[in-house]
Amino acid sequence: MSELIHLSAVRRRRDMLMRGLLAAATALAVLPLALILYLLLKKGLGAWGASFFTTDPNGNFLGDPGGIKSAILGTLEIVGLATVIAVPLGIAVALYLVEIGRQGRFAGAVRYFVDVMTGVPSVVFGLFVYITLVLTGVGGGFAGWKGSVALGLLMLPIVTRSAEVVLLLVPDSLREAAIALGAPRWRVALRVVLPTALPGLVTGSLLAIARGAGETAPLLFTAAIVQGTSFNLGQRMNSLPAQIFNDVGQAQDRLVARAWGAALTLVLMILVLTLTARLAARRSRLA
Amino acid sequence: MGNLTKGDLLRSRIPLALAAVAVLALAVSACGSSSKKSSTGSSSSTSAPTSAGGTINGAGSTFAAPIYQQWGNALRSQGVTVNYQPVGSGAGVAQFAARTVDFGASDPALAPADLKTIKKGQPVQIPTAFGAITVAYNLSGVKAGLKLDGKAIADIFLGKVKSWSSPEIASLNPGIKLPSQSITVIHRSDESGTTKGFTSFLAAHSPQWKSQVGSDKTVKWPTGTGAKGNDGVAGAIKQQAGAVGYVEQAYALQNKFTTASVKNRAGRYVAPALGSTTAAGNGIKVPADLGISIIDSPNPAAYPIASQTFVIVYKDSCKAGVAPATARALSRFVSFALGAGQNVLGQLEYAKLPAPILAKAKAAAGTLTCNGQPLGAG
Amino acid sequence: MEAGTSVATGSRPTIGRLPAVRRQDVVFENGLRLVAGLILALIAFFFVRLYVEASPAFQRFGLFGFVTTNDWDVSRELFGALPLLVGTLITSAIALLIGVPVAVAAALFASELCPRRFRGPLTIVLELLAAVPSVVYGLWGVFVLIPNLQGFERWFASAFSFIPFVGGGAVRGPNYFIAGLILAIMILPIVSAISREVIATVPQDHKEAALALGATRWEMIRTAVLPYSRAGISGAAMLGLGRAIGETIAVTLVIGNAPTIGKHLFDQGYTLAAVIANEFGEAANDPIHRAALIAAGLVLFVLTLIVNAGARYMVRRAARGVRAPSGGRAAAPGAAAA
C-alpha cells in the first residue's frame, strides 16, 4: 500500500474490515477439515488395534463386532479392477481426442459426452449397473466386479479429461521431430507422446482412483455388503465405504467406533493417493 | 487398442504406467493393513474362485436379523456361510423374487401382491420365530415403562399428541411425572415387516389411523423422521431426546431402551417379554400355506404387538436357478432353524415356535427339492 | 463407423510413407477410434436404458405430473417426486448460500492477500476437503453436527423466526439445514479451486492500475478482480451446485428420509438421490416403483446436466476473455479439478 497517498480513515477501516472478513472466511473454510481430521484421529485411532485389521466383521448382535479386514481387501479388489478398466480406456480415448480426432465432429461429440459423464451423479451410475447387470442376473446377482464396472464408469471421464489436458501439453515439435525421422504415428503416440506425458497421466489416474475409492452409493447397488473376506470378484464383496455406511446407521457405540476406525483408514488411503498425485504433478511441471 | 499386436503393447510404456499406478495403489493402502495381506488380496482377485458351495445369500427382515446372524455364526463351524443382509422385509421379498438372493426373509406372510411378483418358482414360507415389537422411547428421568393403549400410540404417530406431558399420555400413567418435552416420532423409511405389524395394531385400535394411514409394509407417515431398518430406528431414538419409535425387542435390549407396556385386547397392560410374546403365539390357527399372524392376540397374557417372521425359499431352488450345492446349504440352514436354532432364540428374547406350528413348518421344509430330488430338510 | 471420412481430415500428411507403416497407422488410428466410438455407444446405451426403464413411470404419471405431484407413497404406488425435488433444491440452495461466499472469500484470500509463502500450503489444505469421502461426511454429520448444533439451531429458529421458512416448528435432529451445511462443506473445494483459477486470470495490469490509483487492497479486489472474474465465479458456483444436487450418501444419513415437503429449515425431508439409495432394494421386483426410482435418477441427471452445461459455458466464457482464441480449445480452468 502506498503511503504517499492519503487514505481517509473510513476507507482504511473498510479495507481492514474486509481483509479481516476474508481471512475469517478462509479460517472457516479450513475449519471443517481440521475438525474432521482431529475427530478421525481421535476416534479412529482409538478403534485401531491388532485385530481391527486382521478380523472380518462378524455381525455379532452383542459384544465384539470384529474388524474391517474384508472391507479393506474388498475396496482394494474392487477399486483395483475399476482402475484396470478405467485407466487404459480413459487414456485411449484421450489419445484419440488429441492425436487423431482433434477438432473433428466425431471427436467433438466424444469430448462433449465425456464431459457430460463427469457430471452424472454417482448414484445414477450405480442405478444403471444395478438395472443392467444385477437385476438381469448376469453372473448371479450382486458381485464385486459389478461394483468395479460402476466405479470404472465414474472414473473413466475423470481419467480422460485429465489425460487430454496433459497430452495437449506435449509440444507438437516433439511429434513433428519423430515423424520427420520416419516413425509411424502409432509409434510416435505410444513411444513419444505417452512417455512424455506419463507423470501427468499418473496424476490424473491417481486422482480418479482416489475419487472412486471413496464412493459408497455405486457399491451399495452392485457389490452389496457382506461380512466375510472374498477373493472372488464374482461374489458379493465388502468395501470400506459400504461398511462405514452400514455401521453409521446403527448408532451403537461399538459399531460407531468401528466406523470411525474404518473412516480413518479410508481417508488415509485417499489422502496418500491424492498427495502422491500432487507430488507427481509438481515433478512433471519441473521437468 | 485391440488391433495392436501384443509385442507393440509390451514394448510401449502403457503397461509401465499401469504398473506404476497399481503399485502405488497397493503401497498406499498398505498403511491400512499389513502390506503382505493387501498384496495377496489384490493379486488373487484374478486367481481361481473359492468354492461357493457353502455360501448362501439371504436378505430381508431386520426384525429377525439378530437371529439369522446368530444362526449364521453357529453354522459357520459346519461349513455353511450365511451372508444375510438386513434390508427390510419388503426388499427381502423383492430381492428373492428378482433372484439376487437365495432366500428371502419377511415378517408378514406373503400377500397375494407379493405372490404375483414371484415368478421364478413356487415359494415356500417357513416360520422361524416370534418376537415383540416394542414401543421404545428416549425420555430421561422416566425409568419405569409407560402404559400406553393403541389409541394413544396412534395419536402420537399421527402427530396429534405432541408432548410427553399431554393429558392423553398422563391420564394413562397416574403417578408418573412426565417431562414437558416435545415428542419426535421415528419410523421406518424402508418397506418393513415391523411396520406392517405395528400399523396393523394401530389400525385395529384407532379408526382415524385406519382411514387416514392404514396398515402396510410402508405407509404415508403423517409425521416423524424415517430411518432404515430396526437398527436405524434404534439409532435414531438413541440420538434424539424425546424420541419414540418401534423396534423389535432384541434391539431395545441391545440399546437398553425403556419400553412401554401396551394394552392388549383383553384390556390388560402387558410389558414385552419372552413369556408374553410366547403367549401371543399360543393357540393360533395355522393355514395351509403357514401364513400365520400373531398380531393383537386375544390371549389375556399376550403382548399385543407381537410378530412372526418367515424364511422364504423356492420349493425347488435349483429350478429357480440356485446351484445344487447352495440349495443343499440352504436346506441345512432351514433344518438348523427349525431344530437346534430354536433353542437359542430365548437368548435374544425371541420366542420359540409352539409345537403344532413347528411340526407343520418341518413338514413344509421336508417338501423342499432340488431338480425334483428331496433335499431332506426338516 | 465414420472412420473413412475422418481419417483423411485427422491424419497428418503421410507423403512418401512405406505402405506397411501406413497400414500400421491405419490400424492404430482405427483402433483408437473404435475405443472412442465404444465409449460413445456406451453412453448412448446408458441414456437409452435409463429412459426405457423409467418410461413406465412417465407413462403412468406423466412427465410433468411426476415432478409436480406432492405425493410419494410407496404403499399406494403413487410416485409424485415433488417433495424429493424440493428437498434437493432446498439443500442445494443452502449449500450455495453458505458454501459459495466462504469458498470465494477463501479463494480471494489465497490469491490476493495471503503471503506468497503460505499460498501453496493453503491451496493444498483447501483441496484436501475434496479427499474426504461422502460417507465420512455423513458419519461426521450424524455423530458430531446433529447433536452439537441442536442448541444453535433452536436459538437461530427463534431469533430469526420472522424470516419465512426459518422459524415456526420443532427443530428435528436430521434436517434440511444439516444436509445443506454438509453439502456446503463438500462443494467448498471445487468452488474455491475454480474461483482461484479464474481470479488468477485477472490481468496484472488491471490490478496494478487500481493500486496505482490509490485503491486499497479491498478496493482493488472490488474494482479490478471481482468484476473481471464474476462470470467465472458464477460458473464455479454452478459446478458446485451440480455436485450438491447429485450428492447421495452424506445427505441420506442426515436428511431424515421423510417424503414430504418440510415446513421449515429445520424440518426433515428427502432428496432425489437419497430416495434412490434407500429404496432401490425393495423396488427390485416392483416394475412401477423401480421405474419411478429410475425416473427420479433421470430427473436428477437432467438437473445436473443443465447446471453443468451452464457452468461450463460461464467458466469457458470467462476463460476466453483472457486467453485469446488459441485454437478455440483453451482448456477450461479447473478442467482437471472438476
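Letters A, B and C mark the chains as written, and numbering starts fresh at 1 in each.
By definition in this document, contacts are C-beta pairs under 8 Å (C-beta built on N, C-alpha and C of every residue); 3 or more make two chains touch, one makes a residue touch a chain.
None of the values given here were measured: they were computed from a predicted structure.
Engineer: Go ahead and name the chain pair joined by the largest number of contacting C-beta pairs.
Structural biologist: That would be the chain pair A-C.
Engineer: Sort the other chains by how far their Cα centres are from that of chain C and give me the top one.
Structural biologist: B
Engineer: How big is the gap, in whole Å, between where the Cα atoms of chain A centre and where those of chain C centre?
Structural biologist: 16
Engineer: Taking each chain's centre as its mean C-alpha position, how far apart are chain B and chain C in Å?
Structural biologist: Chain B and chain C have C-alpha centres separated by 36 Å.
Engineer: When the C-alpha atoms of chain A and chain B are each averaged to a single point, how far apart are the two points in Å?
Structural biologist: Result: the chain centres lie 34 Å from each other.
Engineer: What parts of chain B, by residue number, touch at least two of the other chains?
Structural biologist: Residues 1, 4, 95, 98, 100, 227-228, 236, 239.
Engineer: Multi-chain contacts in chain A: which residues touch at least two other chains?
Structural biologist: Residues 92, 135, 186, 249, 251, 266 of chain A touch two or more partner chains.
Engineer: Please output the residue numbers of chain C that touch at least 2 other chains, ranges allowed.
Structural biologist: Answer for chain C, listing residues that touch two or more other chains: 27-28, 32, 35, 142, 284.
Engineer: Spell out the part of chain C that touches chain A in their complex, as residue ranges.
Structural biologist: Contacts found on chain C: 2, 6, 9-12, 14, 17, 21-22, 24-25, 27-29, 32-33, 35-37, 39-40, 43, 46, 49-50, 53, 101-103, 105-106, 108-110, 113-114, 122, 124-129, 131-140, 142-144, 185, 188, 192, 211, 214, 216-219, 221, 242, 245-249, 253, 273, 276-277, 280, 284, 290, 293-294, 297, 300-301, 304-305, 307-308, 312, 327-329, 331, 335-336, 338.
Engineer: Could you pull out which chain C residues touch chain B in their complex?
Structural biologist: The touching residues are 27-28, 30-32, 34-35, 71, 73-76, 142, 146-147, 170, 172-174, 256-259, 268, 270, 278-279, 281-286.
Engineer: How about chain A: which of its residues touch chain C in the complex?
Structural biologist: 1-2, 5, 7, 11-12, 14-15, 18-19, 21-23, 25-26, 28-30, 32-33, 35-36, 39-40, 89, 92-93, 95-97, 99-107, 109-110, 113-124, 127-128, 130-132, 135, 153, 156, 161-162, 164-165, 168, 179, 182, 184-186, 189, 204, 207, 210, 213-217, 220-221, 241, 244-245, 248-249, 251, 256, 259-260, 263, 266-267, 270-271, 274, 278
Engineer: Would you pull the chain B residues touching chain A in the complex into a rising list?
Structural biologist: 1, 4, 8, 11-14, 16-18, 20-22, 24-26, 28-29, 31-34, 37-38, 41-42, 44-45, 47, 49-50, 52, 55, 57, 66, 69-70, 72-73, 81, 83-85, 95, 98-101, 227-229, 231-232, 234-236, 238-239, 250, 254-255, 321, 348
Engineer: Quick one: in the complex, what on chain B touches chain C?
Structural biologist: Touching chain C: residues 1-4, 59, 87-88, 90-91, 93-95, 97-98, 100, 117-118, 182, 184, 189-191, 214, 216-221, 224-228, 236, 239-240, 243 of chain B.
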